[in-house]
Structure formats: structure tokens, C-alpha cells
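Residue numbering begins at 1 within each chain, and the chains themselves are lettered A, B, C and D in the order written.
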Amino acid sequence: MLTFGCPDRTGIIARISGFLADHGGMIAEAAYHTDPDSGWFFTRQVVRADSLPFDAAGLRERFGEVANELSAESSWQVRDTGERPRAVVLVSKAGHCLYDLLGRVASGELDVDIAAVIGNHDSLADITRAHGIPFHHVPFPAGDPEGKAAAFAKVRELVDAHDPHAIVLARFMQVLPADLCTEWAGRALNIHHSFLPSFIGAKPYHQAHTRGVKLVGATCHYVTADLDAGPIIEQDVIRVDHGDSVQDMVRKGRDIEKVTLARGLRWHLEGRVLVHGNRTMVL
Amino acid sequence: MLTFGCPDRTGIIARISGFLADHGGMIAEAAYHTDPDSGWFFTRQVVRADSLPFDAAGLRERFGEVANELSAESSWQVRDTGERPRAVVLVSKAGHCLYDLLGRVASGELDVDIAAVIGNHDSLADITRAHGIPFHHVPFPAGDPEGKAAAFAKVRELVDAHDPHAIVLARFMQVLPADLCTEWAGRALNIHHSFLPSFIGAKPYHQAHTRGVKLVGATCHYVTADLDAGPIIEQDVIRVDHGDSVQDMVRKGRDIEKVTLARGLRWHLEGRVLVHGNRTMVL
Amino acid sequence: MLTFGCPDRTGIIARISGFLADHGGMIAEAAYHTDPDSGWFFTRQVVRADSLPFDAAGLRERFGEVANELSAESSWQVRDTGERPRAVVLVSKAGHCLYDLLGRVASGELDVDIAAVIGNHDSLADITRAHGIPFHHVPFPAGDPEGKAAAFAKVRELVDAHDPHAIVLARFMQVLPADLCTEWAGRALNIHHSFLPSFIGAKPYHQAHTRGVKLVGATCHYVTADLDAGPIIEQDVIRVDHGDSVQDMVRKGRDIEKVTLARGLRWHLEGRVLVHGNRTMVL
Amino acid sequence: MLTFGCPDRTGIIARISGFLADHGGMIAEAAYHTDPDSGWFFTRQVVRADSLPFDAAGLRERFGEVANELSAESSWQVRDTGERPRAVVLVSKAGHCLYDLLGRVASGELDVDIAAVIGNHDSLADITRAHGIPFHHVPFPAGDPEGKAAAFAKVRELVDAHDPHAIVLARFMQVLPADLCTEWAGRALNIHHSFLPSFIGAKPYHQAHTRGVKLVGATCHYVTADLDAGPIIEQDVIRVDHGDSVQDMVRKGRDIEKVTLARGLRWHLEGRVLVHGNRTMVL
């Protein structure tokens, strides 16, 4: 799989597809997008490995020349989709997103190894282990900045041990420190329980109830140092009405949260999500 | 049609339905809602006029006693649905909401007399008159506060001449002054072209494009002095993606704006929308 | 909780709410519906147990008189919502609906005891038992009518042992025999993986792909002897496009199936679903 | 604009994009799709006219060689998007789709000339003419096959006089004879008021009400001799509930019908809809 971005100009597709055709590359899937605002061109191509005379590393080496010619600089990559991706999931007490992810992996729907689950509470340890996945309990002491920093250092160590393709904040209720946001940039996905940019921050369903909205939503986005403001991968909404209490909204919202997170994670793992500035393209 | 709200207690439904049954009133439609947050009870009842031994005024008089007993104070009303409601529509240049309303009225779907259309531009005069409806052009001079105040005085006069049940801001791009918000409270409906509270104020589609959201929306709400913060009647959304320019979002959003406005207006005209604080109940 | 249906006439609400008010009954939730086609009236009322001077049995006895007066015959019931309902789930190989139900119960979202899971395959035994729920494997021999009949007899015995409020066919791929449909009428819920009445019968996603539809759906309905034709409780759809293979449709459809089933089951357990003829009212 | 389909093989994109790049062609928009079921490859490319050294006819001539090489036979075309497309609209009594189309054209949203509107009733003549568009009234005598045939001959003559890019059946309640289906194949669009293949034929909302579905829908499809079975271009649905009468369903469904038709028509006019067998690709 090749993902690629460069400043737009005439002949890019011809150059890339010509390069692949010259080596007998059979394109299984291809998507292209030109962003008129930024003047950039983006593409994602899935090439059948057995149609090429070299492996992923060989393709990477040879394609480098094409990339330079097109001024792509570092905004391209080649990935071997034969390698099964790894994810680490961070949770707190609320289990609906974790249950959902575990079920999708167990039923073969989501093609990822969940290497570990880390919780600041241990209420989800049993179900995690029932799926044969290690669970690490890392308590976050409230009102103790040093204790929190130590806890985050522990989380970082546990996560980095797996060098994961995705770090999934599945209703993890702690705000990542800036250095982790930077280190995990483009790999850490959060699910926020509102239709961002509505109701940033804490207790979005309470905010939604007070405002009297008629739909509640969820947003899957990359984590950045700016809270709830990272590039949005996917969003969805569900209808509520005046008869719904905050608790009803919470319950209805859960169905949207877990589906939105699973969709965003799938696209991320499949390399479909390209980020440019603060916007994503899902190719 | 009777709409009614009072502090919740035991026996309200029994009292109201007993009163109606005692007079032979046949209930064609009834909805009830108890709001646990405010501790208020609300109901909307449609009673067949020919099943009662008195007219709307008679019902109003006799029911007053029940209302007092239940401490409803002024939060109830009786309306004769035999009287066709009147609306005045305020527009600017964008015609999609007006075209849609005119089409709905002409085809008999929306049961309302559009008494007049008032525009700060005259681009929609012809289509309005083709439907046999008077169009008034009231220019709003840019950057001239006195001229604007005079224009609003003219609009007020034109609107109030019809004593309308609904004043519809169908993409009218001027902010109503506070005194008009007060005078028309509960009768003036606006369609805002975003999923409020996201993207309050000007150019919401531009804001949405910049933020990279995956859905755009529209909100029909009562106009209050606090811009875009009035009680929400109805909202809806439509999916957009990275390939959509601001102009594409504007176009897709229009289909949601006109449908959301029409739905909100219908419910308002049918007396289904009860307001309590800054939230609506649609019964 | 009182659910009630009777031929429509003047004064029903007054009679019922008067009866409750006379005994001090505090109505926590009430919904009413009059069906103009059949001329029937329906209501569901949740009354606070501690506001009444008698228990569920006492209410049932006293209310019988009111019911007779209103010609409700057998179409009413009183249920003590203090008693936690029981469900038995029937599955085959596909686990997405079961995983989802187990997760909802474990997280306290769905208020039901899953008394047992019965599968014609044993692939879902481990996850079921990890939740502390008994799993029974009842193989269904293909092409052996007698073996099938024996298997159904076994299933019936296992199910009836729990006298469940709901028998949930969570992608159980066997067609229930007519006698079980009758015995479990109004208690057996199925999730069909299409937007019925489109694509009745086997392999609906294949049918949908062949027809080139742009949305796929799911339908939660009561099981009747007429295959996929029982009263519909809930339906939902999700968008697909020309790029989606049958397998993609299957995957996207799963998210709709599990949510639609969970919603239908919740309403059923809360006594919100009233059936009249082949249609449901969800009050 | 170039639309193109051919049997899939290695190097198609390289060949086409190489051809365009050799002539300096600047691609404004490009979409590709490979259909694994049929083994065909499809693409739609919008090339900036001023970047090419020849006009549409010149491109057509030169590209023919590439098309032959790739065995595309007749399944490709080049269209000059500078030429504004023409449509003829067929209507009956229901005006919601026509009002909507006229409003979209008048507000500049839909880029098409409506050359004429033809109705088997004359109730929509005034609004059509108010938009400066000719209206032709062609009565269809009920129960008179010869009279009907003569009426269709008249319709054909009126339509063909404009050689339209689209013939839009905007709730035209007459079934086109087979010869017109053939002559207008790929140009005649119908809006069916159900989520096909549910509720084929007459009175779909009545069928939907009887079946007790929880969503109603609309389908925009190409007209073929097989009633309501042509290739689907677009579909959408809207939620209904037990409280909705057939008339409510009709009203709610209208909002979906007009939006679905407008979306399908737009894609058709933009050359985005490629048909293969009985399925469409919307590129």
C-alpha cells in the first residue's frame, strides 16, 4: 500500500501509474484527491505484492526517485499490508467501546492485534483477559500532578513496548500530556462523545441536554495537544427528543460512539486517513 | 386545540380529561410530557369542536377554572384550529427556503396563508408575486445604523399589519433588534445554517469546512435577543466529505435547511411546540 | 406498568386516569395512541408502586373492573417492573449481535438477565461463559428433518425452563417451526439482515448487491409462522455504494443489525411494544 | 469530461493518464472504480479544456485509439461540459418534485435548461410558465389504449424536439411504453416513492402503512421496460412511526422524493452515473 501527497501539477497520476505499470504492478484499489484550497494532490494505492518483482522495501527504495521528482518530500509511505497491525487501547470505567472493539476483533471483522488494554480503573480487566489480552491497571491519583505524571510515564512505557500502529483512547477520561500527543501524533485516536466542535470538554451530554439539541453525536479524531481540536476522522449523530433525560442521551450516544470509533479505527488501520493541516482525507 | 403546562402533581390528567369527558369532548389527539428537571407537566390536546357544547371562547372560559386549580397561571391556551394561520416571510437573496415554502403552500401540504414576503433585496419578488403573494422590498443600507433602524421599523409595520402566527426568517441575513425579538417572542422562527451550537454567527459553512467536520447541519429555532441561542425546534444533518468544497457544503446544506425549516414551521403552526426555559417540547 | 388497549370512545383517558388518581397513583410516564384505521385506543402507563395502596396483583384485580367497562377484554396487562426480566438468546456462528448484547448487559445498559445462550454451533460458547452465562450447544443436523425436530424439542425445553420474557434470535439461522412460533408469540424477537419487506429469506446482502441498492438495512420483528413477515418493531439503514462488495455490505450491515436488535429488545422488555394485527405501536 | 469503461487489466490508468499528460491535459477531477464481480474498470475524468491543444471533437478522435487498445468498444464518451444540458420534465398532478426542480434551477443550484414541462393534467401549467418555461398539456384518456398510445406519441414528439440530456419523470403517473424506454434508455429518470425493491407498483405508501415499516423511502432510477426495476441511481429514507397515517407518510415521503430525485438528476447531468448491467456506479 502506497500513500502519497505532493503539490498538485500536471502528470502526477501518469508518473505514478506509469512507474507501477512499468514494473507490472497490478493496482487492486486506487483513490485520488486534489485539494483546491491547499493545492495539494493525494493518492492511496493498493498494489498486489505478487505482481511486483520486489518487496515493500524494494518498492520504497525505487519509488523514492519518483517521490523526489514530484516534490513529495516526506509525505509518502509504503506499507506491507501483509503485516497485521497492532493496537493498544486505553480505557477508564465505561466499557461500551472496549466491548465493541473486542467483539469486532474476536469475530474477525477488525483486522488488528490488540496487544494490550490499559485502564486507570480495573473494572474492565476481566473481560479483557477473557479475550486472552493482557490488561494493565495504572491508577491516576486525582489532584496529584506528580502522581499523574508518573502514571503517564508508566502508560507510555507500556504502550511503546508494542510500537503500536494505533493507540485508541476508548473513553479514556484523562487528557494526554503534550509530549505524548507529539510522540504519538497521527497514531493516537480519541472518541469524543459529542458532535465536535459542539460541546468541547467535560460532560458533553449534559451540555447537550441543557442546550436542548435534537441530535447528539460522536467524533473520532486524532489526538493533538489542543483538547478536542485534532483532525476529525469520522462523525455521526443520533436523534434525541425532549423526552430524553441526560441518561437517555448517554445511552443513545453510546451506540454512536462505538460505531464511530470502530469506523475511524478501521480506516486508520487500512491507511485510508491522510492528514493535511487540521483536516483529514479518507481515501 | 388546548396546550397546557403546570407544575407536576398527582391527578392532572384525570382532572383535564375528566373535565373534557364531562362535556362530551372527543379527544382526537393527545400528548403528555413530564419534565423531571423542571418538575413541570405539559400536554397538548386536540378536541373535536362538534363534540363540545360550546365554541373555543366558551371552552377557554370554562377551562380557566381547571387551569387555576392546577396553578397553570398563564401557561395554557385554547386555539380554534378552524382558523387558517397566517405567516409573513423575511428573505434576503438566497431563495431555496422561500421556493420550498411557496411550493409546499401551493401544493396544499403546508396549511398556512403567506400574507406577505419582505426582502432586503428584490431578487425574490417575481416568484413571490407569481404565487399571488405581495412582496415588499425594504432595503437595508450597509454601515448606516439609522438607516437600518428605519428599515426595521418599516419591516415591523409591514409584519404587524397581518398579526401573523409565524414570522419566518427564511435565510434573512439581518440580525433582529432586541425590541423585535421581544415583541415577536415565540412567533419568530429562524433557520440557521449549522448544527447549533456549532458555528454560531456568520459563514457557518466556511467554519465547518475549516474545521473539517464530516456532517453539516441546520437548526430551526425561535429568535431571541441572544444570537443563534434561542430554543431549538428542529435540527438535521447531512454527510459531507473531504472532497466537498465550501460551495458543495452550501449546496448540500440547503436541502437540510429547507426541510428543517419546513418541519419546524409546521410543528409551530400546529401548536406542537411548547417552550420551557430555553428548551422546546414537540408534542 | 399498565399496558392497555380497547375500542376507542369518549372518556377512556378520564376513566383510567380517574381510577389511578382516586387511589393516589402517581404516573411516572404515560403514552397514548389512537389508531384511526382500527378504531382502537392504546395506552402505556408507568405508575410509582409506592404511591398505590396495593401491589401489582392488587392493581390487576381492581383495574379488571375498569377494563371490562371499557371492553378491553384480554388486551391489557399489569407488570411489576421491580422484577428483572429474563431472556434466552439463540445464536449460530455469527457473533456480532451476541457480543453486543453481552456487552450491553455487562455494562448495565440493558436491564435483563440473560438466563442462557443456545447455539447450533459452539463457536460462541467461550465468550458466553466468560460472562458467567450458561451456553448450550444443540447441533442441527443438515438435511435430517427428524434430527431437526429433535433439536427444536431440545431448544424448546431449554428455553421454557427459564420462562423468559424474551427469546432473542440473534442471527440464529434456523427457521422456527410453527408450534414454537405460536407458543412464543409476542416473546420471540428476530433480527433480519435486510430492510423488510425487501430481500425476504436467505442471503439478503447478496440480493441487495445484485439489485444495486444504495442503502442496506436491518429489521427487528416478532417471529410468526409466516417467514420474515411478523410485526416490525424497529428498522434502520446504512449507506452503501458501488464500491462495496457483498462482504463490505455484510460488515456495514452488522452495525445496523446489532443496534436495531438492541433497540427493539429494550423496547420489548420495557413493555413499550403493543401489537395490533400485524403492526406495532412503540409507546 | 471523459467517461470510460473497459475490461480490467494492468496499466489502464497509466495509459489514459499518460495520454492526457502527453498533451498537457490538466485533470481537474478523476475517479476510478474496478468492479471485481464483472472484472471491469471504470473511470470519469474532467480535463480542463484550455490545457489541451484540441477541442472535444479533437479529443474524441485522438482518444479513440487508446480506447480501442484497451478494448473499451463503445463504452466511453467525451462530452464538452461547456454546453449547458437540457431536460424535459414529465408531470401529473403532484407538484412537489416540479416545484423543487424549478426552484433549484431558478436559484442557479442545478445547472440545466428545463426546455419544457409536459403534464397529463394542467394543474402545474401556471407555476411552470411563471418560470418562463413552456408547459404542454397532453391528456391521457383512462381506459382507452389507443388514446394513450396517441398521447405517448405526442409526448415523444414534444420530448424529442429538444433532444434532451435528461427526461425526468417527476411523479409522472403513467407507465412508459417499451419503445420509449428503449429510445430514451440511460436518459429517462424516474422517482419511485418507495425504497425499492420494497413496494413496487402502485400506492407504495399504502403498502408501507399496511406492512407497518418504520422508515419510508424513495428511489431515483433509470427507466427500463421492467417496471420499477431499472438501475438505481440514488435512494434515501425517512423515519415514520405508528402515529403516522398514510397521509403523513405521503407528506414525509415527499421531502425524500424531491431530494433524492434532485441528487440523482444532478449526478446524471454531471456524467457521474455509469451503468453496467443493472447496477450504477456514481463516480
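In this section, a residue touches a chain if its C-beta (ideal position, glycine included) is under 8 Å from a C-beta of that chain, and two chains touch if they have at least 3 such contacts.
None of the values given here were measured: they were computed from a predicted structure.
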Furthest chain, CA centroid comparison against chain B: A
Approximate Å spacing (C-alpha centroids) for the pair chain A, chain B: 41
Between chain A and chain C, centroid-to-centroid distance (C-alpha), Å: 36
Topology of the chain contact graph, where touching chains are joined (line, ring, star, complete, other): complete
Interfacial residue positions of chain A with respect to chain C in the complex: 94-96, 99-100, 102-104, 106-107, 109, 126-127, 130-131, 251, 254-255, 259, 262
Chain D-facing residues of chain C, complex: 33, 35-37, 195-199, 210-215, 217, 231-232, 234-237, 241-243, 245, 278-282
Chain D residues within the chain A interface of the complex: 10-11, 13-15, 17-18, 20-21, 24-32, 34, 51, 239
